[in-house]
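In this document, chain identifiers A, B, C and D correspond to the written order of the chains, with residue numbering beginning at 1 in each.
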């Protein structure tokens, strides 16, 4: 029993953090918000150089062959720096899906090396999301159809842009027709793959939400240390202190839940779905509270476009309802907790 | 449209308040807690002298013939001073029941004058309460049996004492057998009477809970003004101020809901049930928060038997679940709000 | 106590209901934080004024109808019930006007109020400064007396509506030697005066709902001052009371939101019921909106009997602003993955309005004195707790 | 990361489970805040000690088993799962003992710890004074040095277990000229010494769970002092960290409460489901209890790798105390009109324990440093916000 990350995992996390601190400053995020695609080729290359696109691609395909526990640390950083969806969708979710296709499927060999190199983007359409992020910028679409997996080029589908309050999210409604030639995998094999994809997406967003919560807390702290009212920093008022302390507590007790879910995914544990949903709910609650409290301590400034806080709040609000909203995840937790044969209480944590 | 009390009503309230301030000090409450009956003959006489037993007894029977709007102000004071249940059960609830018995029923003429004079106590058993307060001290029991009304002397039933955390409440399980001679009123006439009794009890407790919340707030304020920590009164810390301010807000917005419910009862308005349940929920929430916050600002002192706060907290916890618990009242609000034909929104408040 | 409307009140309600049914635009106007929307809303103010409905509580000779507060509440109920446009001139009509009625001269009332009532002048407020947000007494903007004028220098910020409005009102330091809440004067001035520069500030939704106003030796006639020189603080405090309290946030607004929330929940129960917190929030929304309405009727009744607005200003501010956030949070939960859609997105049917309302609700606990300040006020002035 | 127990850990769990199944009293003991219950609990401590289970993390020669924190968590899980009696000596074993291990001399450890482990000495804490509750540095109780003794005068209050306990530990002002956290010494003393008067204080439930202790020239040998004279504050702060943090409130306690709450909900769904807040609270209880357990395993793992307890002491305190209140509030809601029944009432079947647990939970956010103080600590020490 050891609930810590090893030094190599932490070093990898630190390297990502250092890299993003320089390359993903808020000014830069604002800049790409304004572009038509909302995406930067430059960043994509840099993320690949950093190895982020290769984390879980198997070594034979040019990747590092790592897993969910490495990703979970990276995802927190992606959240903290509000990195757009496509990296997660391509390098984490799509990679897992491709890896698990029935042995020797051409699609895996075709796309995994390109993903590892950072030269391919993949978007995933699943009915739990009414829209698919980044579909137009993708090189390939992977689509759910009654538990089958289909693959299309974006040009083969009709894409309708739906603007999100989070300008880093380019959402598309996809209208398409499944055909025999688009089918990659039948429902009997697809079911388990989609199931895990859904869990993995939930885990990814939980980790990002923890990262976002930390960022909003840090922005709230920065503001309240620097902003003066009544002749002293607003952060010296007890009400402001307690607003921030509450957020810190929520984050502290969301993080281990997320790590536990990552472990369950990495090991393919039978109860991974409930761990993921618990993680999503805990992380979502932390992010929601962080947004509420941080805008409050920012005062009017927090309500502006020019304060960086808005970018992180909007991202948190959007991600919290993506890949299963709160109702979805609460229902999964309830199914476990209220199952008469569930083993609850002490001695059943692991 | 005039949502204020008239001067006479306010003067009556002020007189009650002044009287209870002297006669119902916490020291005195503690004293009667310790007695076997939990009741004081002396207080009973004084309450009657003050006119409190005669409020709604019709004038021909020696009462004042007043109604719910007068009672609602009195009930707040009864809550503030934690006056035990028997006054409410006898002089408000039983009076209303007796008044509404089919015309000329002997029971009314027999008991109403004695109630007005303060020489009779009546306890009421209804299945919404698993226990009946003060059954052993009562001169008469009025009991529900499948919407019929029955009357018994306490000696005709088997009473089992169940101790409450609120020592002013003497609770009894009543085992009894309905007979033709105990029946006062059949189900067809009884149904409406019991319905209104339930509403009137809900209203009474809502008003008492507002009074209790105010008392707990006042005790919290007193303590935090007088208690010093870190060289200044604890009430000068912003966290303590905000704890108390939150309670004040809850009380401010519960009170008008209670008054509105009293008006609905007094006028027999068709939607009185939902107003009563709303009042109960709002008042209960105020009382719960007042208890939580007041014990918190009291610190360790709030956890003791010797601090007065405990008496009011215990009473609030007990009353909040009496005559219909939170689930009961929320269900009634939900039935109204989610009724597809309910008229909601502005212009439907009155 | 008499919780029935009089025949006169009922007749008034019917008149309003009929008029609104005939006149409320079928298509929602654009946001008044756009130039086009601002013009649409000004035209709507003019239309309201044509029916003497833009400021029903004012005296008839100033463009109102001389109605009492109960009738004002009735008007508001019908107004929100009809989903009529937001009031672009609310800073003027609900904040400045009560102040002018109480502290302005007869000449000032005649000069400003009728043009406010008919939408000729749309007003912005200019309270805050970059170093004086919640701490309003820290004002540094100067108004130096020069004969029958003041010369203004400095800047104001968070000035709502200032991008397209005609006039603004605010506090300025007319005594350079003064500090804190002494030596301030309450001035009204056109936003088109020479020396004024407006820097629009984009809000969360990307629209310039407020602005920073820079004053570079702006000359303002002294007869634009409300009340005596140096007495601005007391006058402004009365205005702040109106802002927080009874007038700005009429209960009908929240009752209408609660009703819409109930409808949204009913339409989405298949998914929403998986999260029991949603149902609980919906029931609470209805209860709290009703409670707010009841409390407002109680205050209005008390005022009608000669009472004064007291701590209600602060308790109301906290209650309505937290209620508004809770209701919009509940709506966002119900909408789930669709909640993030911008109102103009092609698939945003059934989503319109809630996101913008949610963003706007977040400003509630901040503006007009943060809720933290209100809690201090309640604790110290209403409950008697000691100052720090 | 490896979230599986080792074979050794599994074997230990099995041993504990079997032992508890065989030894936990079938009938619950009386409250240890009664004289009879105190004696029952002391006997239970002795029984635990007989199986070397009273202090599993201590070295073997002091009465423990030399187990690590993960094994301690395992022990606690089995202990709570078996509904074993509350630990009457928790002030000693979980608060004082870690302090003694770190700051006591070898002689002191040998003198005090084995008698603590086997229940011969039950310990009370004596931190607070009537003018020094949350502000522990305001201590005035004097310990005047007189040769190889201290002479104690003054009083302590809120001393848990002091009514029937054998010994107490606390901070005393050994330097009369000192102020605040300087000049304090950490002393251990028998409660039966001449000059000591104990005034029991009744708690909410009517039982004397704590007491006021009066010292009237009480002579305490100087070798009962832990650490150097005048260094008591730093030593006590370490103890306070244990109190708030990892050691006192093992997660199994809350997991067991959460499980009981789920059971209570399942048995009462016919009524409880009418209030959606109840179902939501039940789900949240399970999630938060699990989160607390996970956070504790993470801390224990980090400590095993040589890490130090940091701000967890304060974040834990807030989390477990609020969780405990929420769970008990939910149970009270489910019980409805039966919640007020005293455990011994004839019709209290299915109610036992929850009311007492609810009352006790209310002390959580107060003792061991109020949650307001903890939030200050988090804000200032962990987040770097400026002191007032």
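Just so we're on the same page, a residue touches a chain if its C-beta (ideal position, glycine included) is under 8 Å from a C-beta of that chain, and two chains touch if they have at least 3 such contacts.
The UniProt protein names, listed by chain, are A, B, C, D = Alkylation response protein AidB-like acyl-CoA dehydrogenase.
Since the structure is predicted, the reported quantities are computational estimates derived from the model, not experimental observations.
K.L.:
Going by the average position of its CA atoms, which chain sits the greatest distance from chain C?
P.N.:
If we average the C-alpha coordinates per chain, D ends up farthest from chain C.
K.L.:
Looking only at C-beta pairs in contact, point me to the busier pair out of A-D and A-C.
P.N.:
Most contacts of the two pairs: A-D.
K.L.:
As a quick test, compute the distance in whole Å between the mean CA positions of chain A and chain C.
P.N.:
The separation of the two C-alpha centroids amounts to 39 Å.
K.L.:
Find the geometric centre of each of chain C and chain D from their Cα atoms only, then give the gap between the two centres in Å, rounded to an integer.
P.N.:
The separation of the two C-alpha centroids amounts to 52 Å.
K.L.:
For chain B, what residues touch not just one other chain but two or more?
P.N.:
Where chain B meets two or more other chains at a single residue, that happens at 237-240, 242, 330, 334.
K.L.:
Among all residues of chain C, which ones touch two or more of the remaining chains?
P.N.:
Chain C, residues with two or more chain partners: 275-279, 283, 372, 375.
K.L.:
Report the residues of chain B in contact with chain D in the complex, numbered from low to high.
P.N.:
128-131, 160-166, 169, 171, 173, 228-231, 237, 239-240, 288, 292, 295-296, 299-300, 302-306, 310, 313-314, 317-318, 321-322, 325-328, 330-331, 334
K.L.:
Can you list the residues on chain D that touch chain C in the complex?
P.N.:
275-277, 279-280, 283
K.L.:
Which part of chain C faces chain A closely enough to touch in the complex?
P.N.:
So the residues of chain C touching chain A come out as 128, 131, 133-135, 138, 157-158, 201-206, 210, 271-278, 325, 329, 332-333, 335-342, 344-348, 355, 359, 362-363, 365-367, 370-372, 375.
K.L.:
Residue numbers of chain D touching chain A in their complex, please.
P.N.:
Interface residues on the chain D side: 1-6, 9, 13, 70, 74, 76-78, 80-81, 251-252, 255-256, 258-259, 262, 266, 279, 282-283, 286-288, 290-295, 297-298, 300-302, 304-305, 312, 315, 318-319, 372, 374-376, 378-380, 382-388.
K.L.:
Please give the residue numbers of chain A that touch chain B in the complex, ascending.
P.N.:
237-239, 242
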